[in-house]
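Report on one structure; see the data block that follows.
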Amino acid sequence: MTTDEKTTLSTLPDEQRTPLLKRLTGANTLWIGLVLLVLVATFGAIRPDAIFQVTTLQFLLAETAVLLVLSVGMTFVIITSGIDLSVGSVLVFASVSSAMAMNAVSGGDATNAGWGVIAFGLLVAVVSGAVWGLLNGLLISRAKIPPLIVTLGSFGAAQGAALLLNNGSNVSGIPDKLNRTFGSGTYLGIPNIVIVAAVVTALGALLLSTTRFGRYTYAVGSNEEAARRVGISVRGHLTKVYLLAGTLAGLAGFMGNAFFRVAVVTGHETDNLNAIAAVVLGGTSIFGGMGSVLGTVFGVFIPAVLEKGLVIIGVKEFWQPIAVAIVLVAAVWLDQTRRRARNQR
Amino acid sequence: MSQPLLEARDLTKNYGTVEALRGASFTAYPGEVVSLIGDNGAGKSTLVKCLSGVEQPTSGTLFFDGEPLVLDSPNSARDLGIETVFQDLAVAPDLDPAANMFLGREILKPGVLGLLGVLDKKAMRRQAAEHFTRFGATLQSIDVPIAALSGGQRQSVAVARSVAWASKLVFMDEPTAALGVVQRERVLEVIKRVRDEGIAVVLISHNMPEVLSVSDRVEVLRLGRRVARFKASDTSVEELVGAMTGALTQEDAA
Amino acid sequence: QIGDSNSGNSAANKKLVLIPGITAEPFYISMQCGFEEAAKAAGYEFDTQAPAKFDAAQQTPIVTGILASKPAAVLIAPTDDKAMAGPMKQLKDAGIKVVEVDTKLQDTSIGVSSISSNNEQGGKLAAETLNKLAAGKSGSVLVLNTKAGTSTTDARAKGFEDAIKAYPNLKYIGQQYTDNEPATAASKVTATLAANPDLIGVFATNLNTGEGAATGLRNAGKTGTVNLVGFDASPKQVQDLQAGTVQALIAQDPGTIGKQGVEQALAAIDGKENKRNIETDLVAITKDNASANSKYFYKQSC
Amino acid sequence: MTTDEKTTLSTLPDEQRTPLLKRLTGANTLWIGLVLLVLVATFGAIRPDAIFQVTTLQFLLAETAVLLVLSVGMTFVIITSGIDLSVGSVLVFASVSSAMAMNAVSGGDATNAGWGVIAFGLLVAVVSGAVWGLLNGLLISRAKIPPLIVTLGSFGAAQGAALLLNNGSNVSGIPDKLNRTFGSGTYLGIPNIVIVAAVVTALGALLLSTTRFGRYTYAVGSNEEAARRVGISVRGHLTKVYLLAGTLAGLAGFMGNAFFRVAVVTGHETDNLNAIAAVVLGGTSIFGGMGSVLGTVFGVFIPAVLEKGLVIIGVKEFWQPIAVAIVLVAAVWLDQTRRRARNQR
Amino acid sequence: MSQPLLEARDLTKNYGTVEALRGASFTAYPGEVVSLIGDNGAGKSTLVKCLSGVEQPTSGTLFFDGEPLVLDSPNSARDLGIETVFQDLAVAPDLDPAANMFLGREILKPGVLGLLGVLDKKAMRRQAAEHFTRFGATLQSIDVPIAALSGGQRQSVAVARSVAWASKLVFMDEPTAALGVVQRERVLEVIKRVRDEGIAVVLISHNMPEVLSVSDRVEVLRLGRRVARFKASDTSVEELVGAMTGALTQEDAA
C-alpha cells in the first residue's frame, strides 16, 4: 500500500522494499500526527509564554504517562478485535494492593521504606495486574465469553475487590523515596515516569511490528478462524494479549502510586474509554487486524494536549468537553478522508 | 493396495438439525491423488474440515497409518504433516501475501533476535515470491493486504501455502475454482509433482475432465455418504455424474 | 524533580483562579459566586476550572495547566488530601498563593489558609436532626453515599455513623453507595424498604443521592413517613424541603467560603498575615426554621 | 436453525415454518431468560417476604424503565455493528432542555403547569434527542467516522451543552401533574412509566423483527457492502438508526424528568455501558448482524434484579459489584455453551 | 450490429499505487451473451464493479443506450435494470437465503401493514424456494443463515437473485465457479433463456469450453486493457488463451 513502484512478485528486488522508517512513521499515522502538531502550534500561538515552557511539557508528559501505558496494552487487545473495559479498575486494584503490601512489610507505614520494599511493591502491582489480565484472558479464550462482557465484569469485580481490600479508603504510606525518584524525579529534564512509559511504548511498538507475537496479534484480529486453521494457538495468544494488558495496567497502578503518593480507590472509571478512544483515534480499527502503537501515542496526546491547552488559554469549563469532542471527530474525519483519497487517488 | 494413509469410517456431523455428514467414509493412500467429488451440499467441505481437525465429527472414527486418531485441533493435523486449502481459503485479509503464506511458520531472524521472536520479513518475502512465481501468480504489489487481491490471486496464495508445508497429505477443496487457464495448469502440475514425492493429495473439484486427468482414484459423496469409488482410468465423466446425482450407486461403497 | 526549572518569581498579574472539586455542583457553583463577587470587587480577573469528576487524576492536569498560566493565587478544593499535594506544591513553588477551600491537604505547609466546614461535623448534625425528626419512634436508618473513596462524602457518612450510635431507638443498617446516580439511589432506597419495612430515616450525603432517595420514597408512598435528611441546600433541595419531600437539609456556607478564600488570597498576595484555618458554619435546616436560615440557601447561578 | 424437520426448499410446505411464538421466544434467548428466572427464584427463596411484594416488582420495573428505553435503541445500533456511547449525555441534554422549555413557557416555574406545557416539554425532549441522534447518524454515515469516535464526541459535547444550558445546575420546576400521572401513577397496578417503556419495547421488537426497516438493520450489520450493492441506502439507514437511538434517549430524558421531578445534569455517565451490556447480555453480537429486542429486555433486567436483590438480601456493599460481575459472566457463559451445544448436537 | 446497450471507454482505476484498469473498454449489446475473459488479476472484477456502480472509475466514460452515464452508486445501476453476481457474492451472511434473495426488494404485506413496512416473509420464502429449485439448489433447511450454506449453495442463491431482478443487463462474475455439474448446466440454460428474453448477459469465466458454448461474443482483458474481441463461433480455445496470455493481440481491440 505504501510502495511507489509497481512490481511483479517474480522480479521483486529486495531493495524496492519500503524502508523501515517510512513504514513506522507510515502514511497511516501521518495525518493524525499532523493534527497533534497543529494543536500544539495553535495553543502555542495563543499563549506562547505558557505553552512553550519546559515545565508545561514535563507535566503534560508525566500526567499522560499512566494512560499511555494503559493504551499500549489496549492497542494489542483492540487489534485482536477485542476490548478491555477493566483496565482502570485493574489499575486501582493493583495500586491499592501494592500500597498495602508495601505498608504491610514495613510494619504499617512504608513512608520511609527503602528500595527492597519498593521493589516488592512493584512486584505486587504487576502480579496483581497480571492475575486480572490472566483471568480476563482465560474467560475470553477458553470459555468463549465476549470480551465486552468479561471485562465489564472484571471492571466491576476489580473495583469491588479494591474497595474490600482497604474497606473503601485510599491507602497512604507510599515510600517517599519512590515518589522522589520515580514519581517526580527527572533525568536530563525528562520525568523518570515518562522515561518508563516511553520504554514500555517502544517495547510495545517493537513487539507489535517486528515479532511473531505481533504478527499473531494481527492475524487473530484479522481472521481468527484462519489463524486457528494454520495452527496458531488462538486461545493461548488471546490469553497472552489480555495478560499483557493486565500486566501493563498493574504497572500503571504502580506508576500512579509513585506519582500521587497515595493509592486512590476512586477515579479511573473512564480510563477504559480514554484508552480505547486513544487507540481508535490513532487509526486502529475496532474490528481488529490493523493498527499501530505509534498511532496510539498520537491518540493519547491529542486529547491530553487539548485539555491542557484549553485550561491554559482559559476556555470556559463547560465549553471544554465540546471543544474536545469537535477536535476528536474532526481529527478522525481528516485522517479517514486523507486515507481514502490516498487509496483511490 | 498398501495400507491407507488416512481412513475415515462412518463419520457423521450435525449442525443443529442439519445433517451434513450421515456416515461418510473416506480413504486416502500415500502417493496418490484421490478426488472427492459430489453435488453441491454433498458434504465434501464438511468432510475435509473433519479430516483436518477444524471441525469435530459428531461420531465416527479416523485412522492414520493404521492407528486410531483423534484430531482435536488443526494443530494436530498440522503435526501429522497434513495441510489444507479450504474452500473459503481462510486467509487473514489484513496481512500481506507473504505474511499469510508463512502464517504459523514464520521465519525468525538468526541469533539473539530470533530467540526474541523477531521476524525475518525479508527472507519470508523473498521465499514467498518464489513460491508464487511457481504458480504463475503475478501481483502488482506485494505490499497490499490480501483483501486487495483478485479472487484468483488469493487462491494461488492459499494453494502455494499448503503445498509448501505438507509432508504427508494435502487436502485441496476446489483449489482451481477461481484460477485462470495458465494458473490452473500450473496447479495441476504441482499436484502431480507433489504426488510423485510420495505425498497424498485429496482434490475436490466440480470439473470432471480435470478430475479424470489428474487423479488416480475418485470417491463420490452424496447426501453425506460415500456412494461410489472408482479408479480414474476405468471410469468416465458420465459414470461420475451418474454417481453424484444418484442415478448409479455401488453397494459396497459406504 | 518535575517542575524544577519553574522560575519562582511571583506573577505580576491580577488574576485569581478557583479550582473546585467537581464541575456542576450547586455547592461549588455557590462558592464560585462568592469567589467571583469578591474577586471582582477587588479588581481582579477571575477564572474557574473544574474537573469533570471528583478525582485527583483529573484535577492534576488542571492544576498544572493553571500553573503554566501563572495567576496570582489559586483557590482549590483538593480532591485528595495526599495525591494533590504534589501538584499544589508546584503552585506554591512558582510563587502562586494557594488557598484551600472546602477540603484540605494533610500537608499544611502548602496552603496559606484553609477555609472549610467540617464534613464529619455535618454528618453528626444529620444524625442529631434525624433523631429529632424521629421523635422517639424507633426504626432503621440508612446512609446513601456517593462513591467509595470520595473524601467529603465519606467524612459525612462517618460522622453520621459515629453519632447515630448514641440513639438506641435508631438502628443503623449501614450505607449503600450509589455511584452518584439518582437512579441507583432510588433503586437502593426501594430495595431497602422492601427488606426493612421499619425504615424510619435516610441520610443522603449529597445532592444526587438526595434526589434519588426522594424519588424512591415518593414512589413508595413513604414521603414524610421516612425522614429524609439531605446535604447541601440547592434551590431544588430547598423547594423539596418546603414541599415536604425532604425533612431536613444540612447546609454549608459555600458563598462565604468563596468570599473568604479571596480575602485570604489577597492577604497573602499583599504579604499580610493569613488566618491558617477558618471553619465556616454548618446548619440543619428544617421546614420550620427555613426562612430564618435563608442566607444559607445555595445559588443556582451568579 | 430452529426447525425440527429437514426440508428441501422445493418441497417446503408453509405449515412447517417455525411458529411466530417459537421464533420470538426462540432458543437464542431461552437460556438468558432462564437465568433471569433462576435469579428471581433464588432471591425469592431467601427473602420471599421482601421479593414477592407487588411494590418491589413495581419499583423494579419503574426504575428500569429508562434504561430499557435506551437499550431498545442501542439494540438497533449494535445490530448495525455500531455503538452509541452518547445515549446517557443525550438523555441529560434532552431532560435539561425539556425542563427548561417547560419552565420558560410557564413563566419560570412549570410546577403547576397543565397538559399543554407537558406536551410541549415532551416535544422538546424528543426533538433535542433526535437532533443529537441525527448529528451522530450523519457524521457516521456521511463523513464515515467510526461510531465509537463520533458518539464519544457527542457524549462529551452533549454533556457540555447540557451544563451550559443551565449553568451546571439541576433544573427543577417539573410539572406536578406530570409526576403524579406519568412519573409515579399506575394503571391496574402497573406504573404508567412502565407501560410507556413496554409499549416502546414492543414497538421496537416489532420494528426489528417484522418490518423492512428491521431487515435492513440486520443486513447493514451483517455485511454493509452487500447491503450497499443490492441498492439499500446504507447511509440513509444508518442515519435513521442513530436518529432512532437519539430519539429514544430524548424520550428517556423526559421519562426521567417525570420520574425524578428534576432534570439532573450530572449522572448517567454509565448509562451507555449499561445499555451496551444489556444488549450484549441479551445475545446481540457486538459485530452486528444478529440480535433481538427480547434478549435485550432480559439483558436489562438481569443486572437490575441482581442489584435490587443483593440489597434486599443484605449482601455487604463492596461484594455487590463482584456478585454482579460473576453472575453476568456466568449468564453469558451458560448462554454461549448452550447455544454451541445446540448447534453441534 | 445494433446500438450497444452499455459501452465503457478507456476506464482506468487505481487503488493507491496499484493500477487495476489501465484504459479498459468494453461493449455489451442487448440480447447477447458476451464473455469477458482474462488472466487472474487482469481487472475483470474491477471492471464489473465500475460498470455496476460499486466502484467509481478513476477516469473514463460510460454510455448506456448511447447516452453518457455516471454510475455513482449501485442504486443507479439497479434503476437501469442492471444486476450483478459479484465474485465474492456479497451476501449478508447472517440472513437466510430468502432474505438475501429479496434484499432491497422485499415483498410487503398487503394493505395497511404493508404501508407500515411489514414484510410478507411467507411470500418471499415461497418465491425464493421456487427460484432456487430452478437452479437445482437443494437446501436441507431454509431457515439457516447463508453463512451455513455450502459454497455452491451460496453461489446458487446469488445467481438466482441477479436473474430474478435484471431487466436489461446481468453481470455474472464467475457464477459457476463453485457449482456442481448439474447446477452449472442449469445456470448456463438460464443464461441462454435470459438472453432470449432480450436481456444482455456479461459472463466472466475461466472455463473456456463453457465460454465458447454459451456466448455470442468474447472480449479479452489483459493487464487492465482490452486486447482482443472475438465472435464465439469464429474462435477456439487456443486463440482465446493466446489472447489472454499476450501471445496474440488485436491492434484494434482497445
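Order as written gives the chain letters A, B, C, D and E; numbering starts at 1 within each chain.
FYI, a contact is a pair of C-beta atoms (placed from the backbone, for glycine too) under 8 Å apart; a residue touches a chain by one contact, two chains touch by 3 or more.
Note that this is a predicted model, so its numbers are computed, not measured.
**Student:** Please report the smallest number of touch steps linking subunit C to subunit E.
**Tutor:** Tracing touching chains, the least step count from subunit C to subunit E comes to 2.
**Student:** Setting subunit D aside and leaving every other chain in place, which groups of chains remain linked through touching?
**Tutor:** one piece
**Student:** To reach subunit C from subunit B by way of touching chains, what is the minimum number of steps?
**Tutor:** Minimum step count, subunit B to subunit C: 2.
**Student:** Sort the other chains by how far their Cα centres are from that of subunit D and give me the top one.
**Tutor:** That would be chain B.
**Student:** Per the definition at the top, count C-beta pairs in contact and tell me whether A-B or A-C has more.
**Tutor:** Contact tally favours A-C.
**Student:** Taking each chain's centre as the mean of its CA atoms, how far is subunit A from subunit E in angstrom?
**Tutor:** 47
**Student:** Rounded to a whole Å, what is the gap between the Cα centroids of subunit C and subunit D?
**Tutor:** Averaging C-alpha atoms per chain gives centres 34 Å apart.
**Student:** If I count partner chains per residue in subunit E, which residues reach a count of at least 2?
**Tutor:** Where subunit E meets two or more other chains at a single residue, that happens at 15-19, 137-141, 144, 148.
**Student:** Would you please write down the residue numbers of subunit C that are in contact with two or more other chains?
**Tutor:** 23-24, 148
**Student:** At least two other chains touched by the same residue of subunit D: list those residues.
**Tutor:** 1, 3, 6, 163, 167-168, 269-270, 318 - these are the residues of subunit D that touch more than one other chain.
**Student:** In their complex, what parts of subunit D are in touch with subunit A?
**Tutor:** Per the stated touch rule, the residues are 81, 85, 139, 143-146, 148-150, 152-157, 159-161, 163-164, 167-168, 269-270, 273, 276-277, 280-281, 285-287, 318-322, 324-326, 328-329, 332-333, 336-337, 340.
**Student:** Give every residue of subunit D touching subunit E within the complex, in rising order.
**Tutor:** 1-3, 6-10, 12, 14, 17-18, 210-213, 215, 218-219, 221-223, 225-233, 289-290
**Student:** In the complex, go through subunit C and note every residue touching subunit A.
**Tutor:** 1-6, 23-24, 47-50, 52-58, 60-62, 64-70, 80, 82-83, 85-86, 90, 106, 147-151, 154
**Student:** Can you tell me which positions in subunit B touch subunit E when the two form their complex?
**Tutor:** Of all residues in subunit B, those touching subunit E are 15-19, 38-42, 45, 87-88, 137-141, 144, 148-153, 156, 174, 177-184, 206-208, 241, 244-245.
**Student:** Provide the residue numbers of subunit E that touch subunit D in the complex, in ascending order.
**Tutor:** 52, 54, 73-75, 78, 84, 86, 90-95, 97, 99, 103-106, 108, 116-119, 122, 125-126, 128-129, 132-133, 137-145, 148
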